[in-house]
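Presented below are the structures under discussion, each in the form of structure tokens.
Consider the two complexes below, in which subunit A is the common component and subunit B and subunit C are the respective partners.
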Partner chain A sequence: MFRWWPLPAVVLLAALPALLTPYTSDLVVQVFVLAVFALSLELLVGMTGLVSLGHAAFYGIGAYVAMLASPAAGAGNLLTLLGASVGAAALYALFVGAFSLRTRGVYFIMVTLAFSQMAYFVFHDTGLAGGSDGLFLGKAPTLGPLDTADRRQFYFLALAALAGTYALLTLLRRSRFGHALAGIRVNEQRMRAAGFATTLYKLAAFVIAGALAGLAGCLLALKDGAVNPELLSWHESGAVLLMIILGGVGHLRGAVIGALAFVLLKELYSTPAVVGEFLAGHWPLTLGLTIIAFVAMLPRGLIGLFERRPR
Partner chain B sequence: MDLATFLIQCLNAVQYGLLLFLIASGLTLIFGIMGVINLAHGSFYMLGAYLAFSIAPWFGTNFIALLVVGTLLAAVFGALLEWAFFSFLYERDHLQQVLMTYALILVFEETRSLLVGNDVHGVQVPPWLAGTLPLGTLMTYPVYRLFASLACVVVGVALHWLVNRTRLGMMIRAGASNREMVRALGIDIRRLYRIVFAGGVALAALAGMIAAPMTSVYPGMGGQVLIVCFVVVVIGGIGSIGGALVASLLVGVVDTFGKVFFAEYSGVGVYLLMAIVLVWRPEGLMRRRF
Partner chain C sequence: MSALLACFGLTRRFGGLTAVGDVDLTLEPGQLHAVIGTNGAGKSTLVNLLGGELAASGGRIELAGADITAWPQPRRARAGIGRSYQRTTIFPSFSVFENCRLAAQAAHPRPWAFWESAAGCRVSGPVARDALADAGLEAEAGRSAGTLSHGGQRQLEIAMCLATKPRVLLLDEPLAGMGAEETDRMLQLLERLKPAHAILLVEHDMDAVFRVADRVTVMVNGSIIASGTPAAIRTDPAVQFAYLGAEP
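And now, the complex of A and B:
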């Protein structure tokens, strides 16, 4: 029944801007960007069984490269920027993956964390890219008639990125490659015994996930017009992991729902008009307590609400 | 670099390493025995520092009593925390525990900001530790830093005795090497979990209390130390206290001398060390395999 829901969802979201105020439209774009980011991690955690706590490195690198590749004067070419961001993130993922896939389990979590922290300190401590202040975008890039400075057009760009990512991962999941990843998640030794070069499969998944995170980062940089090193920090990696667990690991829908829930909860709890001046100033407290309640009551994430319990 | 400066940097490296060891030993046990990736461990360090700041007025110059009482309070708090937030999670996927500890960080940070505010506070060094020792002709070294190292060594020796010479320690070691087997042998694993978690919280809080007079007490002090401690745990090998000691001293040296020689890139050094160690030994320096 839920199998075809992405199609009407995309149509609905494409019609949405007509109804939205600029503020809510921005919020939806934020959900799109974070959903792409969460989906990229879902490829690792849910589909391959590799839990990474350093995924924000690729996100941040994507964002930084979009800034660095923009010309100092005039508008850049959108395709060039996207390509540079995705390419740079994929390259770093190739480098990190080649080392970190030697380890497994908790060690893998920690090694990915270490590599992301290395990237964080390179951007934070050195003068390569603005240090701790970050960078600002001069002029939003364009592509033919498409101008990303226009909020409406950017909305559709972000929606297209989300739909494309979702479609790509759906296809991957049904392909031979996706089945091999599922096999690795369940029993890697057996897959190796069956003749699969499992490390190469995992590396390919890692690089694709990194590239998609770079795409999300590029979109974020264009949306905000600014980047700072905090994008690469482990808090960001933790937050995206939180989104997919919150939504429900093992489902592409879960990542999208998780990103949506995360953005909405954060916005809700930090709006004084909704929760009052006092609580709005302390939104992490209410957000944290809500997550604890979710963990306690929804062992399979938010997606568990929509599914019948397996017998 | 002359000899006195070098010596001071060595002392700093050892002192930092020993402090890391206190935090990381709890973290490595919680990792190794409970299988919980405790992202909130840095918050316990912060908790200790703020605890020292809050209860210091009641203890006057009796700093040792402050440390003892604070550690006990932290242990009780840890046991309560384990009961309230983790005891129902062990049968679930590990990711749920990661989510829980992440949520706890948010809660702790905001509760701290509600109760104590966001200002940077200082904790007075007790008068009997406030002096400096002359070192060479020009340099001096604060007595309190020597005291901090000594306190860490004392706790480390006690921990070594506890883990290697007592019945509880035997269970802890067994739990670290094979959790399922320990459960199968009829040891009350839930009680063991509670003790280990409370102990880990107490150690991290103790480290925070010891560090408070040196580093001052500030928001976000937990997050920074957490990641370094993860590095220590991974370099040392999960569940190995000896490994944690070696790794924390190594990290202390690399970090301290990295700051002296390569100021701009010093943040990277520790992570580079970890990457090198893991390429060489993917299971850490001292992970015992059975």
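And now, the complex of A and C:
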């Protein structure tokens, strides 16, 4: 019964806009987008055991490509933009994965970080895409009757993306591919001895994770109507890693809960009306302290609060 | 006399150290070939070379006549070389059944079929059940593998090996750390596996080796100093001097 909780959750979230103000609706959409991003990293960290500190590169590339692929005049086609974002992010993930998966552990962390910083500096320091100012979206893309400029419609698009990502990863987890990834996470040596070409499996996971991060990036670009190089920076890579740790690594719902908690905490701590002028100006400090407290008290993440029996 | 797995002049150097030097060895179906030797004689390195975990510095390895020297480990495994490790190498957090099922999945991977459930796989499931039955572990199928006794985990490792349907078994000290009763059970298992497999057994327990081996090879400092029937090895003066200790 517990397994089916995402279904009522989606129904509930689909009914939610009736109750939301534009501000809270925007916040929920932000959670949706970051949850897709966090889920994409959960595929690497939680399911495959690959801790990447460069995941924002694919997110940022997805966001930038959505902008770059938009026509200068008139509205772009939503499917084209999504395809371009996801495809470009997957392609860069293929490139990064082919090199970084030769390394392990802390070296893998460093190599993924290096590749993401490389992408960051390409966008930040060259005139390729607006330099440090980034890019702005002319007109929001459409698809038939669907117009992403409409906040309500965009809400459902983001919700559908989250539900689709969640469903895809749920299927992957129970498939042979997912079980092989779990085997690689626990004991790669044994998997190779059994006859699995583990590097190819890890590369496939890396590319799928990159593609989904690209999807999240595309949605973010359409939501904000603007992108800047900070999306690719290691701060973003660190933030998404924090989300899944906060929620609980090893569970898909942990990634979603982590994204929700992260957005809410950040919103709370940066609102002067709640925490005062001084603290609101220094929200990364209070957010950091809170996360340290959470990790110390809930080593298995927020998901540990709901779990009845330890694994 | 047809060799299933054979190596010729197999050599592995680590910097200036020759861990395995110019080794010739053949494994035949239905035969248990034991490799003995002191610590650091290069036995585990030899297993790693044959299994493909390590690349050879020189020499050639053949599986059923095909040159597999350059094949990576997963490809050799799929071609029928199964192995167990000196240190138990299982998936402790998975169930005993899933340990075997996952090993069996290597022969039927279908990684693109993301909509198909692994637990419901109709190919790997029965193979895993058979392998567990062969290794005498069917009663433990539902248990978490990490909770098995040491001997049970070693048995599971053999079962995982069997689940890949190997023709060759490379067993690196499967008796290490086992009690007398567990050793007995493992030797019986090896006897049962012998008719259908070519087995390479690296082992320290001399009594066990002489009980089950059809052929014994003795390694010292990376080289073979003697190879023959257990009876011949027992009386070989070079072996007595180098390995069993020079006694009058």
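By definition in this document, the second predicted complex is superposed on the first by the 308 of 311 C-alpha atoms of A that agree within 3 Å, B and C clash if a C-alpha of one lies under 4 Å from a C-alpha of the other, contacts with A are read in each partner's own complex, and residues count from 1 in each chain.
Definition applied: a contact is a pair of C-beta atoms (placed from the backbone, for glycine too) under 8 Å apart; a residue touches a chain by one contact, two chains touch by 3 or more.
What you are looking at is a predicted structure, and each value in this text was computed from that prediction instead of being measured.
Within the superposed three-chain model, A:Leu171 lies in touch with subunit C and out of touch with subunit B [touch as defined at top].
Judged by the touch definition given at the top, the superposed model places A:Leu241 against subunit B, while subunit C stays out of reach. Ranked by how many residues of subunit A each touches, subunit B and subunit C are led by B.
Residue contacts after overlaying the shared chain place A:Arg192 against subunit C, while subunit B stays out of touching range. In the superposed model, A:Tyr201 lies in contact with subunit C only, and not with subunit B. Once the two complexes are overlaid on the shared chain, A:Leu231 sits clear of subunit B and of subunit C alike. With the contact threshold set out at the top, not one residue of subunit A is in contact with subunit B in one structure and with subunit C in the other. If you check the complex, the residues on subunit A that touch subunit C are 168, 171-172, 174-180, 182-183, 186-187, 189-198, 201, 204, 311.
The part of subunit B that touches subunit A in the complex is made up of residues 31, 37, 39, 85, 88-89, 92-93, 95-96, 98-100, 102-107, 109-111, 113-114, 223, 227, 230-231, 233-234, 238, 264-268, 271-272, 274-275, 278-279, 282-284. The touching residues of subunit C, counted against subunit A in their complex, run 51, 53, 72-75, 77-78, 82-83, 85, 89-94, 98, 102-103, 105-119, 121, 124, 160, 163-164. Those residues of subunit A lying in contact with subunit B across their complex are 45, 51, 99, 102-103, 106-107, 109-111, 113-115, 117-118, 120-122, 124-126, 234-235, 238, 241-242, 245-246, 249, 282, 284-285, 287-289, 291-292, 295-296, 299.
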